[in-house]
Each structure stands twice: as C-alpha cells, then as structure tokens.
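Presented sequentially are two complexes of subunit A, the first with subunit B as partner and the second with subunit C.
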Partner chain A sequence: MRKKTAHSDKPKGLHRRDMLKAAGIAAGSVLFSQMTVTESKASTLKSDYWDREFDVIVAGSGFAGCAAAIAARREGASTLVIEKMPVFGGNSAINGGAMAVAGSPLQKEKGIEDSVELMMADMLKGGRGTNHVDLLRVVCAGTAEAFEMTKEFGVKWKDVLLQFGGHSVQRTCQTVNFTGGDITIPLMEGGIKLGAIYKNRCKLEKILTDDSGVITGVLVRENYDFPNEESGVLRRYKINRGFVACTGGFGNDIPFRMMQNPTLDDTVGCTNHSGATSESFHALLAVNAAPVNTASFQLGPWASPDESGFGYAPQFNQQAAFPYGIMVDIRDGKRFVNENADRKTRADAQLKHCKDETGKIYYPVAFCSEPGTVKSPTVKYALKEGVAWKFDSLEELAAHFGIPLEPLKAQVKRFKSFVAKGKDEEFGKPIFDFDRSMYLDKPPYYAMRAWPKVHFCQGGVNINTKAEVIHMQSRQAIPKLFAAGEITGGTHGESRLGSCAIAETLVMGTIAGKNAALNKARSRKGE
Partner chain B sequence: MKRLTILAAVMVLCVGAWGVFASGGDSQTPSSQVGPDGKKLDEVGYNPSAAAQLAESTRIMLGERTLKDYHKKIHQNGNNCQLCHSGEAPTAPPDDANCIRCHGTPQQMAKVTAKLERNPHNAPHYGTYVPCTTCHKEHQPSKVLCADCHSFTFENFKK
Partner chain C sequence: MRKKTAHSDKPKGLHRRDMLKAAGIAAGSVLFSQMTVTESKASTLKSDYWDREFDVIVAGSGFAGCAAAIAARREGASTLVIEKMPVFGGNSAINGGAMAVAGSPLQKEKGIEDSVELMMADMLKGGRGTNHVDLLRVVCAGTAEAFEMTKEFGVKWKDVLLQFGGHSVQRTCQTVNFTGGDITIPLMEGGIKLGAIYKNRCKLEKILTDDSGVITGVLVRENYDFPNEESGVLRRYKINRGFVACTGGFGNDIPFRMMQNPTLDDTVGCTNHSGATSESFHALLAVNAAPVNTASFQLGPWASPDESGFGYAPQFNQQAAFPYGIMVDIRDGKRFVNENADRKTRADAQLKHCKDETGKIYYPVAFCSEPGTVKSPTVKYALKEGVAWKFDSLEELAAHFGIPLEPLKAQVKRFKSFVAKGKDEEFGKPIFDFDRSMYLDKPPYYAMRAWPKVHFCQGGVNINTKAEVIHMQSRQAIPKLFAAGEITGGTHGESRLGSCAIAETLVMGTIAGKNAALNKARSRKGE
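So, the complex of A and B:
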C-alpha cells in the first residue's frame, strides 16, 4: 500500500495510518492503536516512504522562521513551519521587542542622523572586530525594509527611540507591549494567511540525505512533548526546494554550554526559553555545516538575581537605571563600569569586580530617579514582584542594600556633576542634553540588583549572504540547506549589541526563505 | 476540528490536529487534510468495554498515571482515555479540540480571565495560541508557562 509521494504542491490527504487510527477507534480495538505506533516507527526505516511533502520546510517559529515562511510563500513555495515546543515563537516571543533600525522614519522625524555604515561600525566595535562583515552589511542595510515589513503585517511600534549600550545614536525602536510577541503573533498570522502551515510539537530530529549526500527531507518527531525524548512518533517529510534552519540559540542547554565553557554551569542563570537547546545545531553539524564561535555566549549584564529567566529587570536596567542612573558595588558605593558600555564589557566588569576571592557574590545595585523610569513603565510590576525597590532617600537605599552611605553620597554627587557638565569623567558614559531631565537627581530612587545571565549565542552555523549554509570541508554552500537567526554565527562577532537580533533575524530570515523557495531550478536538476 | 475566526472576512485560521493553517483563502490545505482525531470521536461515540481495554493496555505500556480529582468523573476514573486523547495511543498530549468541547475556545477562555491583571489566556507573548496542555496537565502537576520568567501567580489555577 505504500507508495512514493507524487510531486505535488499540496500535502497529501488522509494517510493509511490515519485511517487505521480512525478504524481503531471505531472498533475500539487496542490492537489497532498499537499497530499505529509500530507502523509509524517502521516507516522511518524505509528511505523511499514520505509522510508529507513540501517545497520548503522551516524549522523554528521565532522571528527568523516567521520571516522565512512569509518570504517562501511569497515566492509560491508550499511551506511548512515546524516548532518543537507547544507554543510558537521561541526566544522571539519572550524577547523585549526592541529593534535597531538604521534610518528609521522615527530617526528622520527626530532629526537623528544615522546610516548603515554607522550601525556597522557600532556593531563591529561591540563584536571586537570579529564580525563577518559581509553578513553584517546585509543585516544593517536590510533593517529599514524589515521594519516596514513588520508594519505591513500590523506590528505596532511606540513613538520612542532608545539608545542601548554600544550604539552611538538613538536607533532602537520599541513595540507597544515591550515584547517580541508583538511581532511574532502578527507575522505568524500573516504567514498562515499567505498559506503557510505552522505545526507545533514537531521536532526536527535529523536532516535526511540520499546516497550522494544531497538533502532529501527531514526526520521529525510529531506530537513531541518537550523535553520527553520518548514522546510522539517519528515521521519523514520530503523537501523539494530547501530546508531552512531557524532553530535559534542553545543558551539553555547546560551540558552543551559547559562543554564549550565550563564556567557556565547551572549556577549561572539564563534568560532564554526552555527549548533553547542544541540538538538542531548537532543535526546541522551532522550534514557538515561549518561551526562558528560555538563557545561565544553573551551574558546579559542587566538581569536580576531576584527573578528567574528574563523577567522585568532587563527592561528597567537598560531603559532606566543604566542610561540615566548608576550601578555601584555594594561594598564601597562606587561605580565600576560605564553602565551603557556594550554587554561584554559590563558583564565582564560585574564578574570581575563583584566577587571576592572565595567566589562570594556581592550583587551590584543599579538605581535612578523617578524621571529616569519614563521609558520603563513595567517597573510597576517589578516593584510588585519584589524585583525592584523604591526609596525616599539615599539613606534608605544604602541601608537596604548595606552600602556604606558616605561613599555612596559622594558617588551620586560626582555623577550629578558629570551630568551638569555633559561628560562622564569616570567611565565615559554618553550624557545627552535632550534627556537632561531624566538623569539621576532627587529622590524617590528606583533600584534593582543586576547580575549577568546567559542571554544569546553569538555562535552557530556559518552562512553566506544568501543564507546558504557552508560545508565545513568544501567551504561551498550545501545544496538545499539554508539557515537564519540565532542558530547562525558570525554577524555579531564576539558580542552582540542589544536590539540587533530582531534586525538580524528578520533580515536574514527573509533572505533564507526567499532563496529556499527560489531554489526550484537547482534542486530539480539535482534530482 | 474547531474553526476560530481570527482574521476578518473569509479568512479563517484553523487550529487542528495537523497544525495551524488558513482555510477559505489561498490555503494549501483543504480541511479534509486534517487527521480524524477529535472530530471522529464524536461520530463513533464511546464504547465502555473497548475504552477500558485501551486504558488497561496503556497502563501496561506506560505504567499507572496520576489523575486529577476534578476530572475523575468525566473520564470514568481514568478508564476513558479517548475522551481527551481521541484514538491515539495516549502517549502524546491531547489535542485542544478535546478540551474545547467542555471549556470553550481559547478566545472564550481569554474572556473568562480578561479581568485578571495578567490574562494567562491572552498573554502579550503568545496571544490565544498557547495549547491548553502547555500549563494544564492531567498526569503531572500543572505549572504555568509564565512562571519560567515571571513570579506572579494565578490564585484559581488548579495545580
């Protein structure tokens, strides 16, 4: 009864085993339903049997996957998005909704001069010069268009521009609810409306190849119940034009993380969703994808030890306390780093300064005055959850955290004088005249403790500017294999600047989806 | 399969056993594509002795499962696996369609909890697309997905 799947733009109709299942219920037969399981396992052994067939299969439903699916459908390819988790969106859905755009309408409106070159220069500086410049250029040059694309699908942006650490101008746009869900939900609905299918609880197990090594499809686990590796059933999906890996980072894969860097054990927190694990990276390596910078994990210096995961602290620290206030060592009441430096500089400084010889951690405290919290409205939730505190005087603040009062007072006075001069003489933090009213001044003060958590993987697979994955031996593009987003490496070098991941994932996701769909001619020839 | 009107006019997003897809517009997937799971169960009805057999073989396969008191009545004390799992050998989380029959659609549930400060059924990260069984579990302690990052709690959430 088994047959090869016919060439067709449409996925097949009911399958034999689906009918068996139906029959199983009808007859109430235990035997039949057990057969269902056995049979589907058996089918995976047959290399000529396919359960489904699509032109393009995208793995991962974050920004990169959503953008890829839209682009692939726009080129007329039948498109399936598989997502291993019960929920769609990965790290993107829980992200902060902050996107760097070079030359946004908002910048023009506010008279802020920016350019692709300036954004590249900032990202290169942050990346310690190790960025893959060709990828970087494509990403920066694509941000304005990607931003317009989100608006086309109904994404709503706030009327503010932010300046994250390491950026030399205000270029970061912010979604209305301060979350990437503001982007993933409309893009997913938009992709579905264009005809893509989104399938959750469907995990990529293996990229399948024929005898000559050409990619033919993927082995997936349907009905996967993360993280139970025994759950669900294996199925084979055929791919005609291209497989697009948009499976995100692996920051939450502790054993793999420790293999790369033993200091990143389970005592180090992580902001990622629980599914940010490395198995898809392994699947890519198994078909000879070249790895880049695998050990380069970015630590987020603005996270809080007082909540799990990402939580509220990053937003408060990035948009209030770090730019407009100060962060001090609780033992001496002194600043120890430019609070708006790039992430690596800040996290390295925290880890270096705020631990004693025995390894005991003294969590530093970041705080600002009330006007400084204007761009961080979610601070009200942080106060409620015990992640942030409000103090009516420096005395109260110092007493609460056990900071020596006099040095703290002196530090605050010094910082206020820098603001007055428009120049941070201690650490060179940018002070903006047009934001003068927001800087640290009078009580009440809002404070949080800040401590690094694993946040982002700069490493991943190597791609070229067409989002084709590079073979580690031949250094040529692997036919039919594309990747985009956090699963790729290179764009950000050694350290990514904040808000540049949305930019990267949307730009490269679109390129990957489009090129996979346009891959028709070549893959037909190869067959 | 349940149809949820999300986008205006003819476009309907379908959340079914075979993924989320559009029907009515330029869809690649006719609705007949979707497996027979939830829907067929209604058509074939409930056969107590066959169900008990299935439950027994599942116990042999997977071991004893814990059950929640508040569902015991409706799944006959764990003897009617099909009620939630349809015709599947119950190794996988059930399809939402089976929850929806008693509890209402995700949109309806979102209305029920709309007054809470954070609406778990319409979160800014996921909207109404979180499968019920992400948080509500029958055979293990339930845990809200929000708790992965947030410390707020929901008073009426049954563990």
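So, the complex of A and C:
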C-alpha cells in the first residue's frame, strides 16, 4: 500500500504549469487524476489506509465552497473541493446573481444610506426575530469585504442597485448576466489558480472519526453518477486540518421534506437543482452536529407554475412585475399583498388568498408595463417558452387569464394614482422617484403567473461565528468540523430575505475555509 | 465475568411473590436490585460484556413508557423501564389528566356525535395541515381502546366531558384529580404487576450497536443524580428484541431551544419538569434517526406569569375563564381572540396584541364568574398562592389590573349578550346550552393573568405507524428501534390540540411496546 504524504503549501505534484492549465473549470477533475498515485487495485477501506491526504477538504462547489477554497489556499493549506454532481456550482450556479451588500461603493455613489445595523434589522424582521443574531452580525458586517473579494477575482457587477422584498433600502447588487454562475465560475477559477483542486462526481459518504471521535477524514464515492448510490468506488481521504461542509440545502429531497412537512409533497415545485438532497446533513448529524429548524423551508413567491425549476419567472417577478407592476387575484382583479414584502409574507398571502376551500388554486397574475421590464432581460426567453405573455391592452390581459375587466381596470387606476402620489396606500410598497418612468402605466403589458416553490432551507446544522459546527450535546465546537451556507441554520431565522444568500455564503464560506486552514497550523504551534 | 442469560417470558429470578410485592411503585428499584447478580467491581464497558439483559428496554416512565411496558409484558417480553429522574412519570405526572377520546362511552351517553374522522380533522386544522396523517389516523382510531385500557388498570375518570380549544365537540375526558398522575401511577403499578421492572435514576447515555450498526443494547448511567453528568456508574444493558424511546420532549433544554429559536431564552417560562432535555433526542440521532420539525415548540396560552412551571393557571384558564369567561387586553378592556381557539392561535394572539413596540408586555387578564370555576377546583390554591384573585365587582377587578372600567363593562355586556343569543359574534367561541349557567354573569369574579410558556415539542424523531423509528437516509425502519410520545414528531403538525397528548402517548406507547416485544419473537420464527 502506498500512502501519500501531507503537503501544506500546495498539492504535491501540482506544478505552476498545471495551475495555469487549471484555470479552465472542466479541467478540475483531470487535474485531480494527474496527482493520483497509481492505484488500480481497489481501496481496502481499512482505517489505517488513506487514498489521499489534504489539509482541508471542502464539500460542495457553490458560493460557500468556492469562497472556502480560496480562503484555505490563502492560508497555505492543501485544499480539495469535492462536488457530487457532474456540474460544479450547485444551486449557486443557477441562482439569480443578486447580492445584498451593506455599504457598497454603489450605495455611496448613489447617496443611499445603509449600515450593518440596518441590514441586520431588515433580516431580523424577515426572520420574524428568530435569527441567530451573532451570525447575522458577522454576515452583514462581512458583505462589503466579500463583495470586494468577488471583484478581485473578476466577478462583473452591473451598475444598478435593486431593492428586494423586505429590504428597507436599495442594497442589492446584480451580476452582469443575472446568474450566480457569474460568481461561481470566476471564484472557482481563482481558487484553482491559487492551487485548490476541484473534483466533481465525488460524493461525501461519511465523515470518518477515530476511536475517540475526532475527525480523521472522509469516505467518498469517486466517479459517482447521481443519483445511483451503487455507482463509482469508495475512497478514504485523510484530512489534516479541517473538513468544511458547504453542501447546500435539501429543498429537493422530497421524502425528507415531507417528513418535516407532509404538504410539501411532489406536487409542490422546487427551484433547486436535483442534487439538493439531505445526505450531507445526515453525515453531519452522524458526527453529533446539532440540527436547527429542520422544517423551515422557504417558498419563493415569485416562481411560476408554468415552468419547472427556477426558470425565468423569479427574475421577471422580482425585478419587473413585483416592484413596478402589480399582482392580482384572477377572481376579483385585486391586489392582496405588498408585492415587495419579504418572501414569507408574500408566499403565505398567495397560499391563503388564491386557493378556495376545496384546495383549488387560482394562480395570481403579476404584470407591468414595458419600461418596467428593463431589469429583466430574460423576459424575451420567457415569452418564447410560453411562461410569459405580452398584451396590447388590459382587455386582452383580462380575457386571457379570465380576470373580471372592470375591477382590474379600477385596480390599475388605483395603483397608478399611488405611483403619482409616491405612496402605495393599499399595501405600502415603496415607490421610487428615480424609477418613476418604469411603473405600470400603459400597454404593452408583460405578465406571468406567480406561485410559490420550495426555494431555500433556513434550517441546517448549528455553527458559531467561526463557522465551527456545534456538538449537539456538549454545545462546544466539534474539532476539525466547519460549515457554511445553506447547510447551516440560524442566520435567516424563519425566513431569508432575497439576495442575502450570496451575502451569507461568501462571508461564512471565507471564514470557514480560513479557520479550517488555520486549525492545524494552530495546533502545530501548540496553541 | 458473569453474564445473565436471556429470558423471554418473565425476568429471571423474579417470582410471583416479587411481582405482587412490586405493586408498590417505590419498590421498582428495590426490585431491580433483588435481581442483580452480585457485582461489586465496576463494569468493564467492553463490548462483549453486559451488566444485564432484557428483551425490551423502555426509556422514560411517562404515559408512553407505562403503556409500552404493559404492552411488552403482555407479549411475554422481559421488560425494563429506565427513568433518569428520581421521580417516575416525567411530564406526564404533572400534566392535567385530560384525554381526548373519539367515541367514548360518555359521548354516547350524552348523545355527542364524534368520529375518528372528526377528531383527525380538528387535529389537522390545529396542526395547520402539516400533521403526518397516517400517524394521526392511528392515534385517533386508537383512543377509545386506550381509554378502556386505562380503566382496566384502575384509572378513575370524572363523569364530565370537556371541549378544549380547537376541538369541534366535547370529547375530552378528565381524571378525578385533574392530574396525569391519576394515569401514570395505576399504569405503572399495573405494569409492575405484569412483571415489568422500573428503575429510576438510570439515564440513557447511548444506544449501542455492533459493527454492522444493529442495536445491541444501551449504555446507561445508574444512580444518576440529575443533572450531574459525572454522578453514578456506567452500565451496559443488552437488548434482545427492541429499545423503546419514550423519553418525552426537550422544552426545558434552554440552550437547545435557543439553537432552534433564540427568542425562547430563559426569560420565557416553561411548564415542563426540569428533566425535559434533549440528550435522548441526540442519542436517537446518533443511531441515524431522522429529525422532524426541531423548532416547533408549542406555547401554552393558558399559563401564568405569576407562578413558575405548569402551576394552577392552565386548569383555571382552560376549564373556567377561557370557556366561560373572557380574556382582555388590560390597555383597552377588549377581547382579542377566541379564548377557545387552538393553542397556537391564542398564544400568537397574546404575543402579538399584548406587547408594545418596545417589547413591553401587558399581560392580559382572564376572568369568569363563580359558577364557571366549578370545573377548576384548584383555583382555591391559586388564590392562596397569589396567582388568582377574587373580586366582588368589575370596578375592583378593573382597578386591580389597571383596566379602563367603561370599556371593560361594555365588553362584559357584549359577551353576556352573546351568551344570551348562544352565539359569540366577536370571535366565534362555542356557547354551550347545557352549561349556560356557568358563563360570565355577575360577581364574584375570579381572575388570573395569562401568558404563554413553552409547553410541548411537536418535533422529534420520525416514526411510522408501527412506532418504528425511521432511518434518516434509507427511510426504512431502524431494526430494534421504537419510539412513542413527545420524543416523536409529526403527529401534531405545527400545533398540538389540548388533551391530545395523552391520546397519542397511550396509543403509540402501546403499539411501540407490543411491536418491540414481538420483534425478536418474529425473527425467531424466521419471519
């Protein structure tokens, strides 16, 4: 049996040439194979044999995982990122690329007053006061630096600021292509340039411990073919400093979701990628991580029943129809909620108002005038796919969705009067002076149907502000175990505000990766 | 090392004489020592040594544990019940002794139409539709039989039926002394007569498994002195057929509660006994049990800020002031909720209406006329302890609590008019014709302040209808592992209705004990 030795500065056998080559993302697993010691025979899986060895292993290649890998490499730890899916990036890569930043350069430029405290207050209100305030403070306080970090690695941001539901000021920055991939790709490339190894189709099976319960490494399934649990081969990777779980949520794990809340069955849509399942949460509980708020699934109120997954609707509704137009009940043509309230308020309102006693759903319709769609360029694809519709008159729109015309006209008139006054007297939605021309006014109208889909897990494992995972019984940090992002619980309380996921994952991922890397270094110094 | 052999019919060395002797509850642990093989040397805690051996071990001696022990003994399994506290009975013993039964003899006698379906519908409504319907059906369908079982063991029930909040008919039976001890004591005595062993101060430390993960026994701490985790000695008990976790909830585990919801800190009261902590939940997760709805704590809206723990208020408010009187905001003298709504509705209303923007609490006051207190005989103790007050006029009552008098008088007049009409036109509380003389009418008035306390955990581990604990990853039953009662999650969804805990625990405890006992018997037959 051959055993690889520890390498604390850069992965052994990885030369500068390889690092440059690694800038192409697809090269991740090629690179990994280059550093493989020949081993045609199967791993014995005995506890004294290790197939590989790293200072830090990060599971998951979304925002948190990418940030953790960069931070760990910057501290000189040999770093491996494992991703169970064939594609890197997880849910982050299909996210909308919107990040809340308290005190961004753009806010200063536009004279928008914001602060860590104000962002915390907004998130606490959204979370119904049940957020872990210590985590919240670290996240909000870290957003400006995390935002700068993304720019350092080449992430391109638009020159606009958005005000997502529940935020009291415009603080949301937006990537150029309206996708989280605008962030995960540069960060992954940056991590690889720094010497991190990315390996796809490599699933965390189990966190391994010695007889005294201390984490020694991970059991993984290489060449994993999701969701075939028999595919690939088992390998044992040794971990010298820390394991960082950045494995995301479990919103698409329908049986687990239904254990928590049986109404979230397979008839309820989900914006997550298919790999958003719960086995890594289980792996963490198995090493005594404390579970937090397991049943707290966020429903995204801006999804569409006319497409599967995340789709086009969230961008259109969040950046066009909800802020600049209105959403109405098709039975009476009336609004029923502040379309820019926090997600939970809106989803609860949809579920309450647009279902009759028999459970029959009347999907509400959200629409705006053409100028309102300027921040939602993907609406053109939505029109093509039959998810959005364009109408030359309110009469056409009403007829298409079966909305009574006169009440609808009256509602539009009312909303226009609110825009003119600068004050929404029905539901208190913010009306922006500088955006006045974008509000619902005249045809053509763009419309989508809006209905909640499972979007985010507020629950997960308990961590402290160092991103250390907390032991369920001792309530102390579990040595060598870190976590960041959606797999953790507490930061968002009962309901996360939009654009706070990128904020959280980049801040906490960086902290987790750094602390994991420093963990062994510290103990080496005998600290 | 001496090792005890398996004994499938009755505990070895336990003779009929001992069984009769065991009828006295305090004898439980004496009895246990009688069957002890001499062992002055400490247990080695090696995996091939067992201090004792039983077919079935039940952890927890509340309703579920007592029912499980009876059921296991009836199937001929040697049965040990371990209880970590010095006192047997857990929260059950300090519960109010009220049990919802669908189709009780008393309902038939009084001509009250009820059914399993109606009880399920009420519980589903209370649970906001998120109950595990399969478990709910088993519980509701089993109540009539469980009720008969209690009578068989000598439990004495009053000749009255109550209608607790959220129940659409009068279906709640009440023990003679208004305490769960009226049930746990006879059931424990009955179990001991049948040959079950009860051992107190014996804490579950860990569920033990062999190399393949199959449960082999439990590690316990004998002579445990709660909450001193260093007290007593560790012992290994072998389990042949099944382990049944009836360990209750974790409502009094403040650090764990705060992980789930930081607002539930130590300033929030709790009706539970001090041993209602989370270590058994952890022990179950450690053998791969799936967690359900960990953050779902029920707040009891009928508790009083003027006493600690469960106290006198719940009986008074549930059986006197809430059904027959009114609860008012002291700032305006007005009602703000149907005092007989389900618990969540009422507690949410109290927290929403009776706090100002700074968080200052204005405890609402619940009161009724003297005839209304007939079902709450403990009010006399509450008066003595300064938890309740008696007033000879509304003027006195208003002055004592600082309630504006005229609005209060108007509110009382309004409510009296609803009673006269037989219809609560403000909040829709049921007005019972046959109880008409008990409603709020004239002085003297009895009053308490009402404020929510943490009362019950809807969350816990996932089980199926056989009370088998479900594996988090495989979603199959974990061999030899059963659970019942508050340690399980799902039956009650987001909010449990009052008097449904005894119903659930007796039904599911019986199923768990029986199936645990039959488990090995089945496998012996090669099934």
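By our rule, the second predicted complex is superposed on the first by the 475 of 527 C-alpha atoms of A that agree within 3 Å, B and C clash if a C-alpha of one lies under 4 Å from a C-alpha of the other, contacts with A are read in each partner's own complex, and residues count from 1 in each chain.
The rule is simple: a contact is a pair of C-beta atoms (placed from the backbone, for glycine too) under 8 Å apart; a residue touches a chain by one contact, two chains touch by 3 or more.
For clarity, every value in this text was computed on a predicted model and none was experimentally measured.
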Which superposed partner A:F310 touches (first subunit B, second subunit C, both, neither): first
Partner, of subunit C and subunit B, that touches more residues belonging to subunit A: B
Which of subunit B and subunit C A:N462 touches, first, second, both or neither: second
First, second, both or neither for A:I192, with subunit B first and subunit C second: first
Which superposed partner A:P371 touches (first subunit B, second subunit C, both, neither): neither
Subunit B versus subunit C as contact partner of A:P444, first or second or both or neither: neither
First, second, both or neither for A:R201, with subunit B first and subunit C second: first
Touching partner for A:P479 - first (subunit B), second (subunit C), both, neither: neither
Subunit A contact footprint on subunit B (complex, rising order): 6-7, 11, 13, 18-22, 25-30, 32-33, 35-37, 40-41, 44, 47, 49-51, 53-54, 56-57, 82, 86-89, 91-93, 123-127, 129-131, 133-134, 145, 147-152
Subunit A-facing residues of subunit C, complex: 129-133, 255-256, 259-263, 278-279, 282, 285-286, 288, 290-296, 459, 462, 470, 472-473, 475, 490
Subunit A residues touching subunit B - in the complex, by the definition given at the top: 9-11, 13-14, 18-19, 21-22, 24-30, 33-34, 36-37, 78-80, 86-89, 93-94, 177-182, 184-185, 188-189, 192-202, 223, 225, 231-233, 271, 273-274, 307-312, 381, 384-387
